[in-house]
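Below is one structure, written out as structure tokens, with a few remarks after it.
Going by the order they are written in, the chains are A, B, C and D; count residues from 1 in each one.
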Amino acid sequence: MPGTETPMTDTEAAMPFHREPRGGLMVALRATLKRDLVLLLRRRSEVLNPLVFFALVITLFPIGISPDPELLATIAPGLLWVAALLAALLSLDSLFRGDYDDGSLEQLLLTPQPLAALGLAKVAVHWLLTGLPLALMAPVLGIMLSLPAGSYGILALSLALGTASLSLIGAIGAALTVGLSRGGVLLSLLVLPLYIPVLIFGAGAVQAAILGDGVAAHLAILGALLAVTLMFAPWAIAASLRISING
Amino acid sequence: MWTFIHKLGSPRWFYAISARLQPWFWAAAALLLLVGSVWGLAFAPADYQQGNSFRIIYVHVPAAFLAQSIFVAMAVAGLIFMVWKIKVADMAAAMMAPLGAAMTFIALFSGAVWGMPTWGTWWMWDARLTSMLILLFLYFGVIALRGAFSSRDSASRAASVLAMVGVINIPIIKYSVDWWYTLHQPATFTVTSRPSMPMEMWLPLLIMLLGFYSFFIALTLMRTRSEILRRESTKRWVRDLAAEEA
Amino acid sequence: MPLRLQARELACERDDRRLFEDLDLDIRAGEIVRVEGPNGSGKTTLLKILSGQLADYRGELFWNGVPMRRVRGDFLASLLYLGHAPGIKAALTPLENLAWYQALADEPGDEAARLAALEGVGLAGFEDLPTGQLSAGQQRRVALARLDLTPRPLWVLDEPFTAIDRDGVAALEARLVAHARSGGCVLVTTHHELRATDELRRIRLGGGGDDARH
Amino acid sequence: MAFASFNEFLAMGGHGPYVWTSWAVTAALLGGIVIHARSERRQLLRNLQRRARRERRLAGGRAPVSHQRGGHVDDT
């Protein structure tokens, strides 16, 4: 111990500015959710671009392969899933980029609240404004690919569940690359291999629905994947953000 | 315990101890690979189904095993680096990544070549080959991420985190790919899952496996020593050492 | 006053570049500590270490006599850090920006307090404009409004005077002194020469003569 | 010995090209890796020695310069 004072054991001692924490984590979480929602809604193009991209990619396939409805129907589940996955990927780079550039991320690291929880709030907003709209839009594109009837609900549901995992896993990559000036392509390289299990079970669920098999198992596994990513990803995101900001 | 860990973590100590270990592993690797190759290529009996093309197994399987083990080793080294801040662990992890990618490539290449006499095509979306391909991309990701940072400290930490994230995902990827494969290709013949192998086929495989692992350890020791010279080049002991080895 | 930030034998090495070593610090309530040094001497790094952002250092930190690791949450709850970048969102209005910081700092969302804080930094009338439409100096003032909005004893300010006009600089300097006199503590880097007061203390980093190296 | 003659050994029962390419590529890669590791090490030692010589010359007989404190960056 430097200095002459005896070490203080009671850290709550009379500090002039000290106050007991009040609203705590919930206040901070709610404010972060609200702020990110407002931010994204003010820059509507960032919400719309992935959706337009999704529609565009789906348009390319009939042109590139064949307009034959039967052929399209067989590959539709995979196509829809891959295109949605790429669209979700497209929006990832901006997840932390803005906060990194203007210094808010630094401030986020310095709140007494756990960074993992605040990061999770940001990911939740990302999913709400990319994953969920993609899931809702997919059935419309499914019609254009002559997706067999009876699988539309499962398509939307599996995408909604799956994109939540995708947002979480992708956020790890986004956090790792946010400090790099050209992190976009690298981000895809890091994140896409990790997306494969979600793709397998997501597209599998739609296929099972078309074949008339039970989809419960697929959806259960998608849910399990989400649970596992929910458990691990926030910590990885927090650790990655600290690395990106301070090295 | 703590002092031991940190002693082990000191580059200088590691440099000295690895100098003594290295020759043994090189010798073991050379011997095992030589014996395993001759035995596997010339003495092991031909497979009753695949004939002599099965001899590819002696490079394919060890490479595939090593490819996965190296990723795990890399993640463990990353964990050690992140928790105990032991730099040697990160140097080793940095040196393991390219070797792991090379092993994955060997496994993929030999698997594809093996596919020609077995399936009649160079590439099949076989579960194991697909998993290997994904593993190769994971290696590329780690290597690329490490290379993308201008600060080496940041690069080390980022690569460690990614390796750990990857290692959690590898079993998930493996199981989902297996599941996907059985769904789409029910009960076709997979090259590498062999129910029972006679001893004369199995023993050379074991020897090759040990040889590959010895090679990995020897090479990692050697390249980590080089990396120590590179990163610690401003340190006094490294300079003295360089003068000595002139 | 039990407000005390100490560092013992602090050393930092980044990518084999030694920024500083054997640094002993003892910062108490009522002080303004200016960290000085040439470019690349590690001023920002030191501030980041002392504000608990960077864990990559040797030596030890104590907050009120307790090792930093054990009281990190408590320390962060007494800290206000302003970095190079102001941390202000261009698409949000000053009020919205401050509301977020208020919530992060565990303050109740009181609009009156936010308005008062904005008025205090001379931004009355700009409360509802998107911050992106304000000048760089005004944006920094939004960040500076946090000094009043979320009272914290320890201020760590990295170049707070950047882009601020002369009147603003004088007001901010007076604000720092007032904070120190009321029992707070300020840790600051700046190229602006601070007026010598009883509260001001200097810490110099980096040897002379190698200014131009980095 | 699983083969009656050397030619049979090379032919591998018709699978020769496949077996030998796999093995050759593996051997080439492993060999290449070893050669690369050796040359890397030699190169590093050479660089260290070159730098040591240069510093001795610069020091001109004085004690070798070790570390400077502060924001010192090595030029190499």
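The rule is simple: a residue touches a chain if its C-beta (ideal position, glycine included) is under 8 Å from a C-beta of that chain, and two chains touch if they have at least 3 such contacts.
Quantities reported herein were computed from a predicted structural model and do not represent experimental measurements.
J.: Where centres are the averaged C-alpha coordinates, which chain has the largest centre distance to chain A?
T.: D
J.: Closest chain to the protein's overall Cα mean, using per-chain Cα means, please.
T.: A
J.: Please tell me the distance, in whole Å, between the geometric centres of chain C and chain D computed from their C-alpha atoms.
T.: Roughly 49 Å, centre to centre.
J.: At what distance in angstrom does the C-alpha mean of chain B lie from that of chain A?
T.: A distance of 32 Å separates the two centres.
J.: Can you give the whole-Å distance between the Cα centres of chain A and chain D?
T.: 43
J.: Could you state the distance in Å from the CA-based centre of chain B to that of chain D?
T.: 17
J.: Scan chain D for residues touching two or more other chains and write them down.
T.: Residues 67 of chain D touch two or more partner chains.
J.: Quick one: which residues in chain C touch 2 or more of the other chains?
T.: 14, 56
J.: Touching two or more other chains, which residues of chain A qualify?
T.: Correct list: 247.
J.: Flag every residue of chain A that touches chain B in the complex, lowest number first.
T.: 172, 176-177, 179-180, 183, 186, 189-190, 192-194, 196-197, 200-201, 204, 225, 228, 232, 236, 239-240, 243-244, 247
J.: Touching residues of chain C toward chain A in the complex: what are they?
T.: That would be residues 1-4, 6, 8, 14, 24, 26, 29, 48, 51-54, 56, 62-66, 71, 73-74, 76-79, 81, 83-92, 96, 99-109, 151-153, 182-184 of chain C.
J.: Inside the complex, what are the residues of chain B that reach chain D?
T.: By the definition above, chain B touches chain D via 37, 41-46, 51-53, 55-56, 59-60, 63, 99, 102, 105-106, 109-110, 113-114, 116-117, 215, 219, 222-223, 225-226, 229-230, 233-234, 236, 238-239, 242-243, 245-246.
J.: Considering the complex alone, what residue numbers of chain B touch chain A?
T.: That would be residues 82, 134, 137-138, 140-141, 144-145, 148-149, 151, 153-154, 157-158, 161-162, 164-166, 168-169, 172-173, 175-177, 179-180, 183 of chain B.
J.: Can you list the residues on chain A that touch chain C in the complex?
T.: 1-3, 5-9, 11-18, 21-24, 27-28, 30-32, 35, 38-39, 42-43, 98, 101-104, 106-113, 245-247
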